[in-house]
Structure formats: structure tokens, C-alpha cells
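Sharing a structure with you now.
Chain nomenclature is as follows: A, B, C and D, assigned in order of appearance, with residue numbering initiated at 1 for each chain independently.
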Amino acid sequence: MTLNIGVIGTGAIGREHIRRCSQVLQHARVVALNDINRNNCEQVISELGLQAEIYDNAHDLIAAPEVQAILVTSWGPTHEEFVLAAIKAGKAVFCEKPLAVTAQGCMNIVEAEIAAGKKMVQVGFMRPYDSGYRALKAVIDGGTLGEPLMLHCAHRNPAVGDAYTTDMAITDTLIHELDVLRWLLNDDYVSAQVIYPRKTRHASSHLKDPQIVLLETAKGIRIDVEIFVNCAYGYDIQCEVVGESGIARLPEPMSVQTRHAAQLSTGILTDWKKRFIAAYDVELQDFINNVLSGNMTGPSAWDGYAAAVAADACVAAQNNGDIVPITMPPRPAFYC
Amino acid sequence: MTLNIGVIGTGAIGREHIRRCSQVLQHARVVALNDINRNNCEQVISELGLQAEIYDNAHDLIAAPEVQAILVTSWGPTHEEFVLAAIKAGKAVFCEKPLAVTAQGCMNIVEAEIAAGKKMVQVGFMRPYDSGYRALKAVIDGGTLGEPLMLHCAHRNPAVGDAYTTDMAITDTLIHELDVLRWLLNDDYVSAQVIYPRKTRHASSHLKDPQIVLLETAKGIRIDVEIFVNCAYGYDIQCEVVGESGIARLPEPMSVQTRHAAQLSTGILTDWKKRFIAAYDVELQDFINNVLSGNMTGPSAWDGYAAAVAADACVAAQNNGDIVPITMPPRPAFYC
Amino acid sequence: MTLNIGVIGTGAIGREHIRRCSQVLQHARVVALNDINRNNCEQVISELGLQAEIYDNAHDLIAAPEVQAILVTSWGPTHEEFVLAAIKAGKAVFCEKPLAVTAQGCMNIVEAEIAAGKKMVQVGFMRPYDSGYRALKAVIDGGTLGEPLMLHCAHRNPAVGDAYTTDMAITDTLIHELDVLRWLLNDDYVSAQVIYPRKTRHASSHLKDPQIVLLETAKGIRIDVEIFVNCAYGYDIQCEVVGESGIARLPEPMSVQTRHAAQLSTGILTDWKKRFIAAYDVELQDFINNVLSGNMTGPSAWDGYAAAVAADACVAAQNNGDIVPITMPPRPAFYC
Amino acid sequence: MTLNIGVIGTGAIGREHIRRCSQVLQHARVVALNDINRNNCEQVISELGLQAEIYDNAHDLIAAPEVQAILVTSWGPTHEEFVLAAIKAGKAVFCEKPLAVTAQGCMNIVEAEIAAGKKMVQVGFMRPYDSGYRALKAVIDGGTLGEPLMLHCAHRNPAVGDAYTTDMAITDTLIHELDVLRWLLNDDYVSAQVIYPRKTRHASSHLKDPQIVLLETAKGIRIDVEIFVNCAYGYDIQCEVVGESGIARLPEPMSVQTRHAAQLSTGILTDWKKRFIAAYDVELQDFINNVLSGNMTGPSAWDGYAAAVAADACVAAQNNGDIVPITMPPRPAFYC
């Protein structure tokens, strides 16, 4: 069984997913491409030796009879339109972050999917597919440490460009924690607060860096996330779960230990692309397998909506300094 | 040169200090004892084989000509009175925490010491004497990591008795962080906020446990301290300093590493008395040496006052849920 | 491009490789099976939903026109015969350990392959495909630590059955180190010595456990390998390379760090199958890719021969207690 | 109670011990000094503000009525003579390594002490007083790991001067392991073998560096000690005990953990003097306390003899490449 996939958007991340489907994963074949620049499609076809049709219009690709599932990796503001079209066409769709650029856009997708009566959408949140987070979740769910009470997290990048703005700390960076921590704790957020520590000299003049986001969940768990995108020393993702009887910590990536120059050291990654590289493979294979088996279990449209609502509250908290409530309608039974 | 010491209060901590002066430290001799229960003094003298006079009245002990320096290890509410008397007698005094039970009481001592014109008071904050904190401070002051921006701290006890109340998380537990972090950062606090996470089932019904205290310093550094006094797994003190170019972390206590029963492990202490046991020796030797050399450099009356002011704000923040400002008069030149 | 594979031997490891080719790897298809028990073939076909022909005779499978490459996963003593037949048929062959049960048998394969004039054989040594060993080799080859001088290694299993004999410590256990350390150091062995420490009570009466093997290489590097197959605590592979300016150590497998019950711990695997599970995938994908590209780069027949010669010397050293020389003819240019 | 000590030899280590007795330890006073250079004595007296008599002849110092115990910190070849004289004078004596420059010299001291009928000698082996080794011994003796079967040890210095010769790897370096491992295991050595790995480019032309010493004990425990005195990266003492059910490892010295420049690191010492600095204090305090209590429990003349015998065998093994037996008379009941 092989899933025939059409890809909308052949930029960097689109190409990576096409490469995965063609060279790494099982049971998939990229048969159709669309991009606002047709040349990009031709280049990808040539580079990867694909047998794929180029469509000048994304909606034609979605409608094409040979296309069984859609990958949306185009510019963020176009996601909602294409995902809705895929749902309308009754085709499974994997959509990169963000599912939509507004919470309302995400809700439109949720409603369309519910109306269609079957799950078709997977959002490109890859951290729940990371073996480290999965091992951490297994420890939590194992129960030895009791109920989780607090999470201490950090999301650190060595540096960001001048185009990175203060709100992107939420919408581009924290968004991964907003997704994965809901999944890790099987819980929802109820409030957010943002604190600005002393600013690093390494940040551009317009950027508040670092930031600390304080989240509260429905179960009363308190989460602090340090976001520090010019931390200089490496790309470093930390997550420590404090339970009633003990603590569990996200594994450090595997590294050779050295004794050299009076230091006992292991390496820290500096390139974010290497940190979750295996998770991207697992994520997309899971989408392929789930479409083929007819049972969608990955990050859902509802998860995309929940992350968007939480992100909106965090951005508001960035701006007003208050403790901002996070409110969502009850989770529809469709997503339970 | 030997310093003749009189000790007021021969309870648990008093005896420990007497044992130190007699059996561990150099240049000191306990020559006088006072306790509300004379039997206690006799017992200590007998147990440790001391040659010491028993005074039924603490003020007589302070006045006794053979007594050159005073250790105040009596019940907290009596500290202020005895420290003020020692200052009046022109004798150096080491006072266990708290210096006084109110910030105003501490200020009274500060003013008396300034009026006397020489430093005579050392407060029993031992963490600045811990080799781990000293190594951490050396790394910070070395400058490689840039300016400190954030501190992530934890103060965890395995369990506390039923008599431990919610405010004691500040006055008995956090008080150590309030002292040592000022010293570590060479900075003062400007605000405090307290957050109550989901409560552990291991805490007594009247106790809020864990708590998270958020502090802001004059330099803008943001500190979060998790206080978790029924954490079950051990006595664990954590302090992570996030600087502009890197991070430094308080050393874990030295421990044998084992591979056993599918676990690669080092031990975590469970008894708080063992964690800073060496620091108590260094602290008291420093007091003795400083009195003999006439140059008091340990935690001062001003440090005691600053910790009291910060603790008051934290307790207020516990009660009102607000961000509570911490205000102090400027540091007197006498203490610079 | 898809490689049509015939598999000889459908026992545990054979099935695992068939599963890999069918469900995990790219560019391969199992089209033919042989086993001494035809039922085994039928069962595998049914379980994995294969479209594959069953051959009652392995030589027929090797000769079958639809079979482009052979996997030999039958009983060890049959390996030499089938590998030689595959070479004769001009078909690439992946052969599980051992390549042959004697060094002479391996040499027969080497000579046949050289006579055939092209590399067709890959031996199933998977450790050079392990990401940890690869990272270790990258550090060594990077040169920062200078020339390697010593290796301290350990190969520990929690327990072995009663059928495990003293010589199997070499032929079944050490054989992996004999292969991977040659590759890691790009060097050959020149002598072996075996030492028997005090015996563990956990070993069966006929088994000497633990053992220490001391190897010397042509470059003068000294290697000690502790083999301890009833170590009780876990499956633990250690490799420490001491260079002129520093030391590098094989990474520990990734694990959640916990603080619980007075222990700061990470987990140690107990099941050997999990330790190199990813390496088996990479190994077999490499074989497939290399066959398709016509450039065989994996562990060669010569590597199989070298491991067999070294193993023979180690077994001799087990028996006589001497330092046993390891001699091989010069590496043929064909394998350089 | 204060012990009046006379010190023979006021070189570097002598001065350190005098400083300890005067400024760090309890219950001791240095009252007499001897050195082949009287000026050295005067300088020490002046520097440390001592009230001490200078003796031009060591034997006069030993005989002086005010001297209750002797510290021998003179040139190695003089140790035997002064220790024997102290025994004859009935005075306790702490002698720095070596107790005597030959095993026979050590035996002369053993016999003199036995003849005198009471223990008076402590040899300056400090590692049994190191808190790390003590914690390691506590784990072994606790029994959780079963009987010890193997020890993997390393003794690494960053660099040595040109005067350091191949045999000094035994007599100056390994001598510490020869002592502490007997104590750790409560066992005796029965054979030694020395292996020379590939030489580091950092060693002087006349020095074989690194070396590996293989020891066997009476209980059958096998010990490998890597001696690498130009390891470049630090002063690093490793000791791993492999037991029947698990492994214990000597603690790494406490160190701040940093995240900086893509490395997660703790520091490694480079100065050997810092590694066991606390152990020297504990060692000498123990001597003082034991003399005062009349119960000598530290490293004995017999321990000095045992180390000398083992060192002789190791040096022979360095020269002949053989497995050299280590034979001693049975331990006299006097030392049990």
C-alpha cells in the first residue's frame, strides 16, 4: 500500500518533507507539486528524481484524482484555505505550523472537520514524536513520581536574526512548548503571565530577550518556560517535571563525553535542525500510516486551535504584564 | 591567640557551635555559658569536658570580663536584646538566624552598630561559606558567562512536620536563598510574587506546598525559587545562573556513582544537616578569625536586615497574590 | 529502484531482517525465502503479508533469476557454503556473523571474492553503524585528542543461560569489539592475552566469568576489554579512548534523568536487542543502497576474516594463559 | 590536651604539615624543628610565628623531653634511621612516604615496632583519609554490589618534568594506589605485570608513558591501573570497582557545571595538590588524636612494608615484562 501525496509549497520545509517521503519513509510517494513559483517545483523534481505532476493551482492539486493526501507547507497565511479545501475534498491533510494564523481560523478548520464527520487533519507539531519527550511521558504516566505539580522548561537558541521580534518568542518559539506540554500533561492552560528579565547585550535593540512565560493548567500545574533566543552557547531544550515524589528531566541528546583541557564535557547542539531531526521522520511516517489505516491519531486540528488560543493569551500577557486567562470551549467529543 | 567565647543558648544549634569551637576550630575557647535551663549548661560542660563558667543571666555573661565574644543561639525572639547588649558592651557577637524577628528589630541593631562606630555583628547565614556557592560565585565573577540575567533555584526537603506553616516556607526556608542570592549577585531585591502550584498529597492539610517565589533585583535579574518541603525524594538545593553567554549551576554534593539494578546513579542527601556541615565550620572559624584580626567581613547586620525586609515582602505576597515591592533605605556607607 | 532480496534462514534474526526490509527500509523487497523448515517460511509470509516465493533448496534461491541479492541468516556452519555460492552466482550477499566458523573458511570467501573481481560481501557487524560509535570515531579522527594510546572497554550482559560456555565470551561476545575496534582505530591486532578475575557467584559452574582480554595493535595501542556476561545490573557497553591529549567515551544511551528515593539516576538498558536496534536498520539500509549503487563499503569479507583470526588467538589465549601473537597476511589491495 | 610535636625536615611538605599543626588542626603544637639547613628552620619559625626550639641534630630532637611525637619529613633515605630512633625513644612518629627506601628497611621498622610492643608509627598515605575513597569503601562494605571482582583505575598527571623516570611511575605515582587499594579491598597483592602502550609524544625521550600495571590479589581480584603522567588534560584519579551485582566509582571532585560554547562541562583539576588537600588535614589530625588516645589506627609500618614489597615487584615487572609474584610473610598478629 502506497499513499500518493500532493505537496503545496516547495520551500525549505516542503523540500525536506518531499525528501523524507521519497528517500526515508515507507508507503508514500509524492505524485503532485504546487508552488507559487513553478520553477521551484521543477527544481525539486529534478533534484530528487521524482515522477510528479506540477500543478499551477493548489486547488487543482487538491482536486486531482491521483492525489490521496495533501501536505501543506506553503506560506502560513495560506494554510487555512488549503486545509479547508482538503477537508472539503475529503482528503487527509498534514499542515505545517501554524494551522491558521488566528485562533478563529483554526476553529473554522475544527468545525469543518467535525462537519465532515471524520478526522483528516494532522498539524506539524513534531515534539510529541521525539523519543526524549516520549520517554519523559512514559516516566510521568508510569506514576512512580506521583502527580506532576510543576514544570521548569527552557527553550534556548544560540542567536536569532534582526527580523525576530518580541512576539515571535511566543508564536515561533514557545508555540512548540504550548503544544508538547499539553500533550505531556494531558491538560489545558488556564492562564499566562510574561516576565521580562534583564536583557542580554546579544539581543537586537527592538527585541526583549530573554523572557519567562508562566502558565497555569486546569489541574493547577504551574509551568515556567524560559525563552532565550540569543543565549549564545547552544540550542538547548530543557523540560523538568516535578512530581509529588520525584523529578524527571528530558534527556540530553546523546553525546561523546570527553576529558580535555581541564574539562569533562559533553557537546551541546547549536543547530536546531539537528535536535528534532528524527522526530520529523517519525511524525510524517505516522501521518502516512494513519491515513492508510484510516485512524488519525497525531496532533489534531483541535491541538492546533488550543495552541493558537494559548499563544494569543501569551502575546496579550507580553503586552499588558497581567495574568491573562486562557479560555476555550470544552473539547468536542469528536476529539476525545 | 585564643578568643574567649560566651554562648547564650545551649539548645541543639548552640551545642553544635560549642562542639565546633572546642573540637574542630582553631583559636577559640568557650569560657562561659548561659541557658534558660541551667541543667543544659551543666550537661554540655560535662559532655564536652569544658572549662566554662555558667551564668544564670545572659546579661551577666555578656558583661563578664573573661568573655571576649558572644554567640547568640537562644530562642529567636531574644536575639535582638542580646545582640544590642553585646554591641553596648563593645563585644563581637555571632547571632544565629534570625538577627531579629522583625525588620525593625534588625534595623535597631544596624543603627546601634553604626552608632558604636565599628562592626561587631555577624549573622549566622552559612551558605556564603559553602564551597559550592563560592565556586559558583567565582565562575560568575570570572565573567566568562557575561552578566547574570536569570536564576532558577530550588529548595527541597524530603518532608516537614505538622508544625510547619505556609509562612515558614519564607521565614525558615527561603530565608537562606534570600541571603545567599544577594551575596551571589551583589544585588538587592525590588519585588516579590508568590505562586501556588497544585498541592502535593504529601503536605499537611494546612500547608501550601510547593510554592514558587519570583524575585526581581535592582539590576533586573529575575529569580524563581521553587520551595518544596515535602518533595519526598531528598534534601536538594539547586541554583542555576543564566548569564548572557552561558549557564553555571551549583555543584551537586560529591557522591559515589553506581551502576546497579538498571540504574546509573549518584546519591542525593536526605538529611539537611549534612548538606552544609562544612560551611558551618568555615563560617564560625571566619567569625573567630575576624574578631581576632579586628576586621569583620561575614554576613553583617545589614545583610540580616535586608533578608528580613525581603522576607516580609514575600510573606505579604503569599497573602495577597500581588507583585509586592521590596523597598529599603540606601545601604549605609558603614556597610559598603 | 528496488532491490529484490532472497533470504536464507528465517529464524529470529532472519525474521527481523525481513521485517526491516518490508516495513522500515527503503528500496528493498523480499521476494524469496528458504529455511530448513518450510513451515517457517510460510509463517513469515503470512505474518508480514509478503509476496515471496519459497525455495526448498537454498542454492535454488541463490540461482533464482528474480533474486538480486542474498541475506544469509541461517545456522552459522552453513554460512560459508551459501556465501561462496552467492559469489559464484555474482550476487551481493549480506551474511550474519560469523562469516564462516573458521578463519580458513573466511579466507576461502576472501579469495573467492577477489577471484570474482568485485566486492559482493557484507558481514553483519552492526556496531560501526551505531551513532554512538560513529560520534566517537568522529572525535578521534578530528584529532583534538591526539593519537589514541589505550582503550578501556567493557561488554556486560545482565545474565546468560547455562548453554553459554567460556569460549563464547570470545566468539559470541568479544567478537563485536574485535570488529568495531579495528574499524574505530583503523588498525590491526598483533597479540592477545586473557586474564580471569575472581569469578562471580552468578555464573554457572562451568563458566569463567568475568574475563579480561588484553589486545595489542600494530600501532602499539593497548586495549583492555572486560567481558562480564552475568553482571546482573544491565546490558552495558563501554568504550573509552585515551589519546595523547584527552579522552573520549562512547555515549551512554539517551535516558530520562530522575531524582527519586535519594538517587539521581538515568536508566541502563537490560535488553541487548534495544542497545543497537537503530544500528541494525542503518546497517541493512547501507547494504541495500550499496548494492544498488554498486559500491560496497560496509564490513567486508576481509573484516570478517580479521575478526575470525583475532578470535582464534583470543580463544588460544584463554586456554594457555600466554600472550598469543595474532598474525595475518597483509591486507590485499582489493580491500584497501 | 595538646601534643608537642618535633619536625625533622622543613622542606615543602614539612612546612605544609607544620602549617597544618599550627593553623588548621586541633590539639597539636610544633615545639621543635630540625633541618640539614638551620636557616630553613628559622625561616619557618618566622613565617608561621612559632614558639619552637631548633635542633641541629635530629637525634637530639627525638630525645628532647618536650617532644612527644615526631614528624619525619626529611629526605627519603634518612627516614628509616629517624623512625627507628623514634621507636627506640618510645615516641610516636608520623613518617612521610616512603617509610624506608627498601622493603628490608620497612621490615626493620616493623620488627623494631613489634619488639617495642606498641604501635607508634603512621605512614603518610593520605588517600584512605579522602572522603571520596571513604565513600567508595562504604559502598563496597555495604554489600549491595556483592564481592569486588575487578578494579579499573587511572592515575593521570597533566605533565612531569624531565627528571621523572620510568620507575618513578611505580615508586612515586602508583605507590598511592598500591596503598589505598589494599585498604579499599582489605586484601593483599600476589602478582604484578606491566604493559607499555604506544608512547605519548608529550613524554620525554627516556620515559615510558603511559604504562598499565596489572595486579592480582589474594582473593583473585584483578586490578588494572593506567599510569599516565603526561596526559595533558588534568590531574585525574579514577577508581571503578566492579562487583558481582554492580559497579561503584570514585566520586569526581565537586565542580560547577557550565553550559558554554556548545559544551556542557564540569572542571577537572590540574594541580595534584588540590586533589587531596582535605585528606592531608584529616590524616594528620587522626595521627594527633590517635597519639593522644594511645590507639594508633592509621596506615601502619606494615602497610608501608606491603606497599614497598609490591612496588619492588612492579619495578621488576617493568624490567622483565613477566608476571612477577608478590610474596610477603604472613601479617603479624601485632598488625591485625
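Points to keep in mind about this one:
Everything that follows uses one rule, which is that a residue touches a chain if its C-beta (ideal position, glycine included) is under 8 Å from a C-beta of that chain, and two chains touch if they have at least 3 such contacts.
What you see is a predicted model; the values in this text were computed from it and never measured.
Any chain that touches chain A and also touches chain D is listed here: B, C. Two copies of one chain, chain C and chain D, touch each other, and the residues they use overlap strongly: the shared fraction of interface numbers exceeds half. Centre-to-centre separation between chain B and chain D, using Cα means, comes to 38 Å.
With centres set at the average Cα position, the gap from chain C to chain D is 45 Å.
Taking each chain's centre as the mean of its C-alpha atoms, chain B lies 59 Å from chain C. Counting partners per residue, chain A has 233, 245-247, 252, 255, 259-261, 266 as the residues that reach two or more other chains.
Within the complex, the chain A residues that touch chain B are 146-150, 152, 195-202, 210, 212, 214, 219-222, 224, 226, 228, 231-233, 242, 244-247. Residues 233-234, 236, 252, 255, 259-270 of chain B touch chain C in their complex. The touching residues of chain B, counted against chain D in their complex, run 23-26, 131-132, 135-136, 138-139, 144-145, 245-261, 266.
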